[in-house]
Structure formats: C-alpha cells, structure tokens
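Below are two complexes that have chain A in common, paired first with chain B and then with chain C.
== the complex of A and B ==
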C-alpha cells in the first residue's frame, strides 16, 4: 500500500473515534459542537506523557482517555442542564476555551539539547514515540483499526442491550424516560464522560501519527466535521458515523480534481445529501429495513 | 516465571523511549509562476553536518483544516549539495502550510515545518503568541 493510501486510511480511522464520540451524545439526544476539545486534551496529554515523561504509548493513551473523560464530565456537569441549541452553544464555548488554554500552555523541557513540549501557539513538536519505537505506518494503521474495532463492537453490544434502549429513550424523550425511573442526568453525564474518553483516544493516536500538534488543529472546523460525520452517515447505527467519515474524507480527497473550487463542490454535496436524507444515509428506518431483511 | 514476565511487561510499558535523532530541516521554495506551484529545496542536517542519503517524502496540510487540505506526498530527489533534496510542491492555495517531511533510509523520522506560501515564495510562518507580552 502506498504512503498516500495509508495516510488517508489513517485519517479515516483517527477521525472515526471523534465521529463515534459525537454519535454517542446524539444517541442520548445531545448535539455537541465541542468534542474536538476532548480530542485535543487527549492529544496534548498523551503527547506530553510520551515525549516529556517518557511513558509508553499504551500507558499514555489510557491516561489521555481518563483526562478526556474527566474533562467531559466537568464540562457536562453545568452544560447538561441545558437543552438543544443552548447545550450546543455551551459545548462550543467550552471547546473554544479549551483551545485558548492550549494557546496559553507552555510546558517545555530540555531533552538531550532539544526543547520538547507544548509552546503555546507555536505548537508541540517532537511527539516521536511511534518513530523511536520502530512502529511502521502500516503497523500503526493496524493498531488504530484494532482499537476502532473494539470500540465498534462495544457500541453494537450496547445498542442491542438494555443500556442502549435506555440511551435511545433518554434521547427521544427525557421526561418520559425519567417518569419510567431513569436517572436522566446520571445517564447523560456517563455518556458525556465516555464520549470524552473516546475522543481523547482518537486525539492521542492523532498526535502520535502527526508528531506535531497545535491549538488550531482543534478548532470549530473539527467540531463541525465530527457532527457532520454522524449526520451524513446516519443516526440509526454506530456504522453510520463511520460511513460518514469515509464519505467525508473520501469526498474531500476525491474532489481534488476540482482544484481551488473543491470546497464549494464538497459543501454542495453535503447540503444535497442532508436535504435528501435529513437523518443521514443509515437512518433508523433504513437500519430497521436492513435488520428485517437480514433475519 | 510468569511474575518475571509480568515485571518485564510493566517495565517495557513504562520504559523511556530513545531520544530523537536531533535532525533539523529547513526549506527554500521558489514560486514557479504557475498558481501555487513551488520548487523547493530541503536542507537536512544533524548539528552542522548535512544528512545525505536520506529518502524524503514531502506532504503538507493546512493547520486549521488538517483533514480538508491534504497534499499527496511527493518524493524528493537528492539536490546539488550534500544534505539538499529537491521537490516540486503543487499546493491548493496560498497561506500557511504544515509541510511534513517523512524521512526513511539511514534516518527515520518525521519533521513538520510551518511555512507561509505566496507569490514571492515561502518563508517560515510567524505566529502570534497566546500569552500577553510573549513573542
């Protein structure tokens, strides 16, 4: 496989974590414009742990996921009291605050003559664990997809379980779910923390793939795309957001023939798709139809 | 035995990784006259010594849209001087690009350089500081 194909597939894998993170919140009825913040927290936390403190990537990834979960829980505490557009705006504000905090973060150490660590707007260079440990691009790609497969299997198990039904009921009608004895606030906080951990896992893998991160990598653009993945792919199953990532990145790469006008073409394609399929390609109706045919 | 293996496993998980190879790179790019096409020379050095014989693949993306503007990597060929490598970059637009140098062969690393591209060529990108009073 050539370097370009590996790069595109790696990007698809990495942004799939972010897409699943946004989808999990959508399942619980919340539209977050702020998942890129937890992606960034994972990237910074994981990058610092391997590059400055010399920990291995698996340990750094676990710690980054915990940081992402904790941050999402703390953001969720005040914001999950809000509903709909207000919640979306609050998550966007929290994400922008996080990005500005990354701009203010200076924590560099000299390691063998080189300054390593976050340097505000100058970014964070030298996240080289993958290169220093001889992990080939194809091996790293396999690692990303193995983790993604684990996440996807967990999603599919949850969707078919009582917990999945509870999540959907909270998403569809929180008042009705509460009247049936579901602790809606607790469920949503749990969902927010899990979604934060998932986004952070994507972030730590992204940082080690790229070797360099900076605050601008985690701006609103990434948040909009993470929501678009789920909305384009469909809200009926966890395969939906993954399909969304493939279509989004595939369309972006495929539209390179249009040169400078490709973002206009890409935007137009997304708009047409959302008009024709407002709940995405794999919406609940389509998933139900596929399941009944499958049986 | 299994306990010993466990310790080895834990140690390898926590082990400090080898330090970076200290390779530095900079870029000289000349605008070709065709929109967003640049002839670039990469200067690769470890300390003051040029690094020759490396295989370099050059990609690029835009920092604020890392997945949206992604340049297909091109292979650089050895330049006129040791440690120099030449490649033609065909970008999508002017502005700041994160140029990614993936090194293989005798050295294995990835370096990311930030350059501002326009019709005068390319120069290192200057960032505003997030911290008041800090350049």
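== the complex of A and C ==
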C-alpha cells in the first residue's frame, strides 16, 4: 500500500472513534457539541505522557482514556440535567473552554537537546513514540483498526443486550424510562464518561500519528463533523458513524475527484440526504429490516 | 485616575462591539425563538451576502446604501437557500412538546452545518484571497468626548441596533403577522388549527432574520473595512454566544446579551489578554446555562402578552 492510502485509512480509523463517541451519546438522546474536547484531552494527555514522561504508548493510552472519562464525567455532572439544545450549547461552551486552556498550557522540558511539550498556541511538537519504537505506518494502522474492532464488537454486544435497550429507552423517552425504574441520570453519566474515554482513545492515537498537535485541531468544526458523521451514517447501528466517516474522508477526500469543490458537493449531498433520511442512511428502521432479513 | 480612564474608554469600545453582537444575536434569536432550531449557517449566509456586496464593489462603482442593500439581499438569498434545503423539509418532524433534540432538529442543524461548509468553500473559490478590503462606513477622525475617543461607526452600529429592535417590536406586537408569530411560538398546533399557515410564518421569520443578519454583516464589514471568509464562523459564534447570555429565545435578552458580551470581552482583553477574553466569555455562558437563574427563564420566550 502506498503512503497516501495508508494515511487516508489511518484518518478514517482515528475519526471513527470520535464519531462513535458522538453516536453513543445520541443513542442516549443527547446531542453533544463538545466531544472534540475529550479527543483533545486524550491527545494532550497521551502525548505528554509518552513524549515528556517517557511512558509507553499503551500505558499512556489507558491514562488518556481515564482522563477523558473523568473530564466527560465532570462536564456531564452539571450539564446532563439540561434538555436538548441547552445541553448542546453547554457542551460547546465547555469544549471551547478546554481548547482555550490548551492555548494557555505551557509545559516544555528539554530532552536530548530538544524542547518538547505543549507550547500554547504554538502547538505541541515531537510526539514521536511510534517513530522511535520502530512501529511502521502499516503496523500502526493495524493497531488502530484492531482497537476500533474491539470498540465495535463491544458496541454490537451492548446494542443487543439489556443495557442497549436501557440506553435506547433513555434516549427515546427519559420520563417513561424513569417510571420503569431506570436511573436516567446514572445511565447518562455512564454514557458520557464512556463516550469521553472513547474520544480520548481516538485523540491519543491521533496525536501519535501526527506527532504534532495544536489547540486549533480541536475546535468546533471537529465537534460538528463528528455529529455529522454519526447522523449521515445512521443512528440505527454502530456501523452508521463508521459509514459516515468513510463517506466523508474516504470517498470524497480520498478520491480527490472534486478538487477544491469537495465541500460544495459534500455539503449539498448531506443536506439532500437528510431530507430523505433524517436519521441517516442506516437508521433504526433499515437496521431492523436488515436484521429480520438475515434470520 | 488612569485605570478609571481605561475603564471608561473600554466601556465605550465594548458598547460598540456589543452593538454588533446584539444585531447578530437578534437575527439568530428570531430563528431560534420561533422555530426552536439552531441555524449553524446563519453566519455563513451573512458572509455570503457581504462577499456578494464586496465582489460587486470591486467591479462597479456603487455607494454605501447600495452596498448595504446588496449585503442584505445576498444574506436573504443565502438564508432562503438554507431554509428550503435544511429547515422546511423537517418542519413536519417538529415536536415542540418535548426533547429539543428530536431527530428533526438534529437533522436540520447538521444540514445547516453542511451548507455552511458550502458557503465557505464557494466564497473561497469565488474570491481566493484571504482578505479583501471593504469600503469604509465613515472616513474621518473619531469623535472626541473630553479625553475619550468614540468611533462614529459605533454610533451607526448602536443606532442600527436600536432601530432594528424597535421595528421588530412593532412588527411582533402591532401587526397581524406578529400575532401569528406569537401564536406559533405559544402552541404551533393550535395556531395551525386557527388557520395560520405555520410554514409561511417560518419562511418569513427566516427572511427577516437573514435581513437583520445581512445588515449586521454590512455594518461590521464596513466598520472594520475588511472581509475574510472567517466572518461566517465569527458571526455564528458571536450571535450564538450573545443569544445564550440573553437566555435563548428572548429578543430583549439577545440585545442585553450582545452588549454584555461586548463589554465583558473588551474589559477582560484589556486586563487579561485575548485568550482569557474568550475563556471568560465561554465560562459566563456555561455558568448561566447550568445555573439557569430565574430572571433568565422568565425571558426565554418572545412573550404573547405585551
């Protein structure tokens, strides 16, 4: 495989984590504008742990996921009580605050004669664990997709379980779910924390793929994109968000057919698609139809 | 005394920025308050209008009034495109009783985001330079108020904000159209049953909001004498922030929110720098959304009682 296709495939894998994170919250009926913050927290935390403190990537990834989950839990505590668009706005404000905190974060150390670490708006250079440990791009790609596969299998298992039914019931009608004995707030907090960890995992892998990150990477655009991925692909199954990512990054950016007018084509397609299918390509009905056909 | 002088000068500057934010927020709030939908393309349509005017001014000799009209016409055309493609297909799915995050509202919002991307790329393709100059609103020295300076553009912006709010108030509370709008806000189903054409009300509200946005965009471009493609994102974010500060969906709230945002930004930039300026603005919004103080909830709608 040539370098370019590996790059495109890697990006599809990386942003799939973020799309899945947005999708998980949508399943529980919450639209978050702020998942990019946890992606960013994962990237910064993981990058600092390997580049400055010399930890190995797996350990750093675990720590990054924990910090993403913790941050998402802390943001969720006051905001999950809010309804619909109020929640979306509050998560947006929280994510922008996080981005500005990255801009204010200066923590540089000299290692082997190089200054390493976050330098505010100048970004964070030299996250080179993957390179220094001789991981080939193709191997790294395989690592990303193995982790994505694990996440996807977990999603599919949960969707078929009682927990999945609980999640969907909270999303469909929180009052009804509460009257059936579901602790709606606890479920939502759990979902938010898990989604935070998932986004953070994507972030730490992103940081080590790019070796350079800056606060601008984690702005509103990224957050709305992740929501769009989940919605274009469909809200019926975890394959939906992946399909959304593949359509945007793979089919349009990868093929380069439309050149500079890519976003004009993609934007129009998305708007028209949502008229026909307001809950995405793989929506609940379609998924149900496919499942009944398979049996 | 120096600190006090700075405070006064900053307050004057803050009111200027605030007047621009207030205008943007009034348009944004009009759409949100009536449709209960977030139009992420709001700023992009404004940028489209201003770019249209800029392009024309580079090819033809036109005056300021014509430029303003072109900006407004462009923004309304852009807004109409957004409304047709993103909002009108999803009116049926509108479920006002609960869950603002109903699938219709998410779909409409994501679709409006997709069109924002379209506008931005179209603008860059049509006018590829990063920055274009825009004819100035006023060519002269700022006014001297004692030792303080007040830009004449600020007066225009403040005046425009006042005039727009007063006329909007008159439209909403003195005309049959305004009555229909308020009925639709209160109980959409009942309004429909009473013979009000709800989607036509939405269309006209959209056009009105886009026109206000176009005027705001023109004034902002003409007082900063430049346009960049960033105007789209900037307008959406500032309009949204001011709307959130004002309690989402209230017109007086949007004006107050805009002015507060302008004042807070200018003062915090002066004392703590540009990053802290944004941090403080978002922190304020976050705290208000989470705490939802009683005075804010009292404002949250365009009231039916006048």
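In this section, the second predicted complex is superposed on the first by the 290 of 295 C-alpha atoms of A that agree within 3 Å, B and C clash if a C-alpha of one lies under 4 Å from a C-alpha of the other, contacts with A are read in each partner's own complex, and residues count from 1 in each chain.
In this section, a residue touches a chain if its C-beta (ideal position, glycine included) is under 8 Å from a C-beta of that chain, and two chains touch if they have at least 3 such contacts.
Quick caveat: nothing in here was measured; it's all calculated off a predicted structure.
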Once chain A of both complexes is superposed, is A:234 in touch with chain B (first), chain C (second), both, or neither? neither
Return first, second, both or neither, reflecting whether A:263 touches chain B, chain C, both chains, or no partner chain. both
Between chain B and chain C, whom does A:271 touch in the aligned arrangement: first, second, both, or neither? second
Could you say whether A:54 touches chain B, chain C, both of them, or neither, answering first, second, both or neither? first
Touching A:203, do we find chain B (first), chain C (second), both, or neither? neither
Answer with first, second, both or neither: which of chain B and chain C does A:42 touch in the superposed model? neither
Should A:103 be classified as contacting the first partner (chain B), the second (chain C), both, or neither? both
Which partner does A:86 reach: the first (chain B), the second (chain C), both, or neither? second
Applying the document's definition of touch, where does A:68 land relative to chain B and chain C: first, second, both, or neither? neither
Is there a shared patch on chain A that both chain B and chain C touch, and which residues make it up? 100, 103-104, 260, 262-263
Which positions of chain B touch chain A when the two form their complex? 12-20, 22, 57, 59, 63-68, 70, 72-73, 92-93, 98, 100, 102, 108-112, 114, 127-131, 134
Of all residues in chain C, those that touch chain A in their complex: 36, 38, 40, 85-86, 89-90, 93, 99-108, 110-111, 113-118, 120-122, 124-125, 233, 237, 240, 244, 248, 275, 278-279, 282-283, 285-286, 289-290
Residue set of chain A touching chain C in the complex reads 26, 29-31, 78-79, 82-90, 93-94, 96-97, 100-101, 103-104, 220, 224, 227-228, 231-232, 235, 260-264, 266-272, 274-275, 278-279
Can you list the residues on chain A that touch chain B in the complex? 3-4, 7-8, 11, 15, 50, 54-56, 58-59, 100, 102-104, 106, 111-114, 116, 120-123, 125-126, 128-129, 131-134, 210-212, 214-217, 219, 221-222, 225, 249, 252-253, 256, 259-260, 262-263
